[in-house]
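Notes follow once the structure below has been shown.
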Amino acid sequence: MNNTANNSKRIPLWAQAYFLLTLAVLAFGFHKAMTAPTEATMGNLYRVFFYHFPHTILSFVFPYLNCAASFLYLFWRSRNPARARAADAFALASAELTVLYASVGLATGMLWGRAAWGIWWAWDARLTTYLLLWLLYVSYLLLRRFSGDDPGSSNTAVLSAALAVFAAIDIPICYMSIRWWRTQHPSPVFGGGADSGIDPVFFPAVLWNMAAWLLWGAFILGLRYALERRRQRAHSDLSLHTISTPQESL
Amino acid sequence: MQPWLPQRLYTRNVGFDSQTVADKNPAAVQLDRVSLLFGSFVALREVTLTLSAGASVVLLGENGAGKSTLLRLISGVASPSFGSISVLGDTPRNRRGRIALMGHASQLYDELTALENLAFFASLHNPAPAAVLRDRAEQALREVALDPANPRRVGEYSQGMKQRTALARVLLTEPSLLLLDEPFSNLDMASAQSMIARMQQWLAAAPNQAPRTLILTTHQAELARPLARTTITLNAGQLVSQEGA
Amino acid sequence: MIYLGHVLAHLRKDLRLEWRSKDFLNGMLFFTLLVLVVFAIAFDPTSYPAIARQISGGLLWVALLFASMTALNQSWSRELRNNVLDAHRLSPAPASAFFVGKAIANFLFVTFVEIVLSLVFVLFYNLHPLGDTWLLLLILPLGTWALVSNGTFFSALSLRTRNRELMLPIVLFPISIPALLAMILATTAVLTGDSSPALWIKVLITYDIVFTIASVLLFDTILNAD
């Protein structure tokens, strides 16, 4: 059924190797970020950008993984319940990753803004979009928490899958609307990046950190997914045990 | 204890394979090791049950034995945690409209009159011109000894009148499988007897019609005796006995 | 056309129910008036006549947003009373017709409150729009539909949650933000006459179409979620 062995507590070799690779790339990315040439206007403070950029880009990738997993859940729900459960676990994991990466993106964005402009927040296009993304997926997680008292019930999965579809449709609409909003009323553009163009001298640092945080994100995603699958299995086992244990008469 | 096969772990309401269904299964209801849990509370425990079409079943058991849960499961409003269920040859959800469930609550709108309630639900099940729906609703109300012209809203009805209206509503939807959860509670003897007579009348379908199956739960086993061709007893979520056809 | 028949049956039923009880129309009207008064105290229009026009679009829609929360929560609680929802779940009529009927009913109720609200608003804020006022006849329904259709869907979704009344705003607000932005900016554009609301009207139309389709397709799934 699953290749993560049912009663194996040992972490597979490939996972350990992958983890070490991720750490290595993270370390190298850090090195590159710290040794990149100092920027003219901001001095060393600009280096937060190397963390801001990958997190914000990736925080737009995870929602679509969540959306795909939700679709698969809805599709497999009556056809293949076992796979549907796996899809649901993946949807949960990717939603949590979205919130994580969006939080880091917001925090680093605010640090950048503080360093560059002296203010913690402005309702510019980028920050507002990240904030909305964050809000959408926090509401998803809250829905999961509040739906159904039974953590294993399909109620949670179905309702969250519906919300996930809506959220994924909403993201591009949000992005465009906020962009148009801010072109009508321009405000300081925070966090230079895609639009303002990155000086090629920074490319190695940007790319290495991008790779590093991508690997790290995939690692955490896989870890969270495996954790959720274990929880599902434990819950199922417990339920089956409860059923097969003869109950004392009331 | 038979060890669970891996695929059983996650089976939910899958119904039987197309193979079995294609065998022209005459069973109206078939449960195979169905369990339903609410958190850690086991409402139904490995219930295996087969009821053929045309059965008239009385379901007995103490409070909390799982009778209501079983009816909800068969109707499709609830889904099993484990095991598979087949109703009228398919999953309950695919048989929507052919199964009717009358529960503890009246399932009626308090602000509407009985006639308006029935006409509305009739339109959902068998759409027809308004006049036709009204006629059907009036007929259904008369058959349970209620006055169709009563202008009072259902919210103002006595409990007994609500129950009779609820019965009229489910009968109007022309189900093949009728599930009644304690239909006689709150009824006086005369009303209960006339309700039983109405149910017997309903069960006796015309030869060219699809067979009709009735399952009802009650605490008053004696009262329901005329309808009990089959008697099933539940205790603490488990099927304890099945007697009769 | 049977589908349309079902939609109309649901619509008629909801209108009749509300007419008989007048539950939330009364409550909603009064609540909205209260919200307006609070806003007037918070953002005094007479002391700052210049910005009154700038912010009235926003205030109007925020007041409506809160008012429609009450309407939406109410509309489904009626179906939970006496377990009527189970009767709907067991009927063969398409669940999406149920959704559309109820959404239209809610739309009519909220529009009614909105008309009253707008009149009171014009009064309290001494507004006279500087742009093409007739566009408001387009913007108001489009904006209201965006709120109401998503609201009806999500309040049905919240029925199965522990904290039903809190869940609705938590889930609805983030999804609705682009629509809110569009309706507020469009209304402000008309009131101030500064810019053209055309872009925002297009955004609203797109939003309405996309999310109505999504709601119709997904409603059956969430109604029958156990």
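Details
Chains: A, B and C, in written order; residue numbering restarts at 1 for each.
FYI, a contact is a pair of C-beta atoms (placed from the backbone, for glycine too) under 8 Å apart; a residue touches a chain by one contact, two chains touch by 3 or more.
Quick caveat: nothing in here was measured; it's all calculated off a predicted structure.
Chain contact topology: the protein chains form a complete graph, every chain touching every other one.
The most centrally placed chain, judged by C-alpha centroids, is C.
Between the chain pairs A-B and B-C, more C-beta pairs are in contact across B-C. Using the average of C-alpha coordinates as each chain's centre, B ends up farthest from chain A. If you average the Cα atoms of chain A and of chain C, the two centres end up 32 Å apart. Each chain gets one centre point, the mean of its Cα atoms, and the points for chain A and chain B are 46 Å apart.
Chain centres here are Cα averages; for chain B and chain C they lie 38 Å apart. Residue positions of chain C with contacts to 2 or more other chains are 226. Under the contact definition stated at the top, the residues of chain B that touch 2 or more other chains are 79.
Touching of two or more other chains is recorded for residues 149, 154 of chain A.
Within the complex, the chain C residues that touch chain B are 2, 5-6, 9, 13, 16-17, 20-21, 78, 81-84, 86-93, 224, 226.
Residues of chain A that touch chain B in their complex: 1, 78, 81-82, 85, 149-150, 152, 154, 236, 238-240, 242-244, 247, 249-250. For chain B in complex with chain A, the touching residues are 1, 4, 6-7, 9-14, 35, 37-40, 42, 45-46, 64, 79, 81-82, 91, 236-237. Those residues of chain A whose C-beta lies close enough to touch chain C in the complex are 74, 132, 135-136, 139, 142-143, 146-149, 153-155, 158-159, 161-163, 165-167, 169-170, 173-174, 176-178, 180-181, 184.
Note for the complex: chain B touches chain C at residues 75-79, 93, 96-97, 99-101, 103-112, 116, 120-121, 123-125, 127, 153, 169, 173.
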